[in-house]
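Note that the chains take the letters A, B, C and D in the order they are written out, and that residue 1 is the start of every chain.
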Amino acid sequence: MRVKTQRSVSDIHRKDRTIWLAVPINKISNSFADAVADIPSGASIMIGGFGGAGGQPTRLMMALRELGVGDLTIIGNVAGISKTTGYGWPDHLYPIDQGMFFESGQATKIICSFPVPGTTNPLSEIEKAWREGNAQVDIVPQGTLIERIRAAGAGIPAFYTPTGVGTPVAEGKEHREFNGRTYLLEQALTADFALIRAQKADARGNLQYIGTSRAFNPAMATAAKVTIVEVDEIVEIGGIDPERVGTLSTYVNRIVQREAGDPLP
Amino acid sequence: MRVKTQRSVSDIHRKDRTIWLAVPINKISNSFADAVADIPSGASIMIGGFGGAGGQPTRLMMALRELGVGDLTIIGNVAGISKTTGYGWPDHLYPIDQGMFFESGQATKIICSFPVPGTTNPLSEIEKAWREGNAQVDIVPQGTLIERIRAAGAGIPAFYTPTGVGTPVAEGKEHREFNGRTYLLEQALTADFALIRAQKADARGNLQYIGTSRAFNPAMATAAKVTIVEVDEIVEIGGIDPERVGTLSTYVNRIVQREAGDPLP
Amino acid sequence: MNVTPAIVGNDPAPRLNRAAIAKRAARDLVDGSTVNLGIGIPALCADFLPNGVELLYHAENGILGFKELSAPGEGDPNLMDAGGKFPKLVPGMAFFDSVESFNLIRGGHIDVTVLGALQVSRNGDLANWMIPKRGIGSIGGAMDLAANAKRVVIAMEHTARGDITKIVNECTFPLTAPGCVDEIITDIAVIKIDRENGRMILRETAPGWSFADVQARTEVTLDTVGEVGLMA
Amino acid sequence: MNVTPAIVGNDPAPRLNRAAIAKRAARDLVDGSTVNLGIGIPALCADFLPNGVELLYHAENGILGFKELSAPGEGDPNLMDAGGKFPKLVPGMAFFDSVESFNLIRGGHIDVTVLGALQVSRNGDLANWMIPKRGIGSIGGAMDLAANAKRVVIAMEHTARGDITKIVNECTFPLTAPGCVDEIITDIAVIKIDRENGRMILRETAPGWSFADVQARTEVTLDTVGEVGLMA
């Protein structure tokens, strides 16, 4: 346990309560391995961030790779292009991306918006797996992808969007006119687990993001059955400005704190 | 002009630009009267906040009342109940609410979620106008109302929601099943103008909100053809933390700053 | 309109007051739950939580984690709850806009909502937003909450003025949501709704009240499963 | 696949380089606009804004108001643009999540997007996300931008390797969005698309290039309206 169990400042005004809020304690996992231990083969897994190091739950991904379960469906955005192109990683670091699950043979499918870079030299792990017939790749326009994820968390089973009309992504989808423009019906996209990344969590599970590390993380937190978050720091309740809470504690099931000074971004 | 026109800190790195960003200057109105002067009779007008003093664009509303145009459609949430019940107003202040446009005869329709209090003694201005046949009142579930407004700003013409199925609000609407549950089709809701309230604007039009004053303001800012914002303070570019921007400057057309020490909340 | 008055005699014992109804409703709230309390009796639940239970209160206007209200005259208009009251600023709160607030509700993330009612039917239909003869009403967040919260509890007086039954075979008032209510807690009884079988099961009665006394004030024919307990 | 090579001879004069294409595209950008620049030539526009023009740059990953990049080795992974580069923190920026970012795009709030293209058709169809023979491609934000920005400008080389025409009567590559392109700026010409009439109007040519020279490298029969200007 990395969180201090002393009474928080929020207890000042309580008179008749003897047990300190039980929920936040239960949400904190002791290790990345513990946090992902119950992910079964065949699971669908959202992986947060945008693509690149910032906002990517890199340690959770590495724990999932270590776990070794297979037949996974990965849901991400820009996916698997950092290793070969350096996309979104500082120059001096060796990039880690979702391609690792295709390299290891754990993933059989990815739903994402940007699975391959412009170049094929060298081939990304995802394109390699796809060419060898080992991976299904569903390419979704980014705005549609994030809106489908958001819809799943927001209780919206389906919505209409103008994006993709007249393109291959429209094939097989309902078309409908509103005010003279044609739209596609798109459906909510949920998952068994969301692995996300935030800067800070408080002990209750409220999350604070920084800069462009938000991206897909806040929506994914709302959309999966189980949301697991990797943070740089866990703070006491009250340690996050109520104006800066980017994900409400209600959405968060598990929190793991990185080692201080972890060299990975 | 209340904003200083000296070069902002954002200019430090610029070499070849001689004119300071023109857009923010143009967005600032000198008075509430100026800011609403072009609102015509027959306009549809979103009024931000939740209901109650916090987040309500009270000075813009008073300017619109002063302007005197008629046949208005008002879109709000909790509407017109503060005057008779004190809802959401500090005890010592005389409440101002959207009922003013029905008392003045300017509004002929309201689209909202909560137009009347539990009691009829005394009657609210909206109920009075409705009873006298002078106002159409469209009552929309709050979650559907905000999602319809959000959809208008987000380019979503329509979406399905579970809320309202089996109730009077479902009448005449398309019903559709997804995964065994029945949903209603609801359509985007736009307006000619949005009058909203924020704590701060920077000179470019980025807005910062405080506490529960967000409510309907951020979504309305995206949904109307013209968005006019009442703020307590206009600050230089850089005066709002980039992590705290609640409405992007792109959505904001006009900004008016309240007088320092304005006694109205 | 077809409101059937129940066949009643004199009350056999005092009915619980509003605070006692709230206290009974509060007893079932589970530590750590995200909870939305409606105005009126439901809002009083917050004053009667059992020892060791802390809830995350959600209000539609965009706040999670509030606790007690500010002293009169000290409220901040920018820190309001959905009832138009002004809670204190406490650590762990979160503020958000109405879009996010209703994502939380519509998305099924509210563990329990406690609401008031005008009528509840045997299959759990809820009517609480409009009295037909008034012709105008207010929905607010009630339809979203009733249709989408994981658990819907009604805390209300058992009958309307004149001993008119509010627990009815079919609602005659406009619905808030069909088939949504899990449990009703009133000033004389606790009734669980078995929605799948369209049954109402009397679980508890107020002190001094018998099954028959409650049944006489309830249009729906009540069932029991095992013993009927005492409200406390 | 049915890619028609244009009938060409030797180039009459040098083609503009990538920077010069970007500079010409930048000339049309209006002060204060909210702009999204695609990767490649479009991204270079930022380096060539006319005096007095300041743009609000939007990137899909959730940032508005960025300017120049950090020095190599000084980038912060939490302050990235959509091309995976690291801009500096400057006053007036705003950070937001992908939901908000695509509300801005899909909702039609982007004033101009400048994108690259593989093919553009005479009625403004755009293909820029997949080469058919590769069988896999990346859409990213391109479909949302192309379908929904108020104005879509293509900045690209006029022909593909081997002088294959990219400005075609009908796209043979998978579309990004139909009927979306307003203007094409290439290394030899500026072409406006009159979508309503399915016409392409040659507005400017690079120095030393005639109408006939550009036409020879363009599958679509080009129109002119008034004089053809010189790209500068």
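Assume a contact is a pair of C-beta atoms (placed from the backbone, for glycine too) under 8 Å apart; a residue touches a chain by one contact, two chains touch by 3 or more.
On a predicted model such as this, the values are computed, not experimentally measured, just so you know.
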| item | value |
| --- | --- |
| Contacts common to chain A and chain B (chain labels) | C, D |
| Gap in Å, rounded to a whole number, between the CA centres of chain C and chain A | 36 |
| Distance between the centres, which are taken as Cα means, of chain D and chain A, whole angstrom | 31 |
| Computed distance of Cα centres, chain D from chain C, in Å | 57 |
| Touching two or more other chains - residue numbers and ranges from chain B | 147, 150, 154-156, 161-162, 209-211, 242-243 |
| Per-residue overlap in chain C, given as positions that touch at least 2 other chains | 95-96, 102, 105-106, 148 |
| Every chain pair meeting the contact rule | A-B, A-C, A-D, B-C, B-D |
| Complex contact set, residues of chain B against chain D | 8-10, 13, 16-19, 21-23, 26, 150, 152-156, 202, 204, 206, 222, 236-239, 242-243, 245, 248-251 |
| Chain D to chain A touching residues, read off their complex | 59-63, 72-73, 75-82, 84, 86, 95-99, 101-102, 105-106, 125, 134, 136-144, 147-148, 174-179 |
| Footprint of chain B on chain D - complex, ascending | 31-32, 34, 49, 51-54, 56, 58, 64-65, 67-68, 88-96, 100, 102-109, 148 |
| Chain C partner contacts - residues on chain B that touch it in the complex | 50-55, 77-78, 81-82, 85-92, 113-118, 120, 127, 130, 137, 139-144, 146-147, 150, 161-169, 199, 209-219, 246, 265 |
| Touching residues on chain B, where the partner in the complex is chain A | 147, 151, 154-162, 178-179, 181, 183, 187, 209-211, 242-244 |
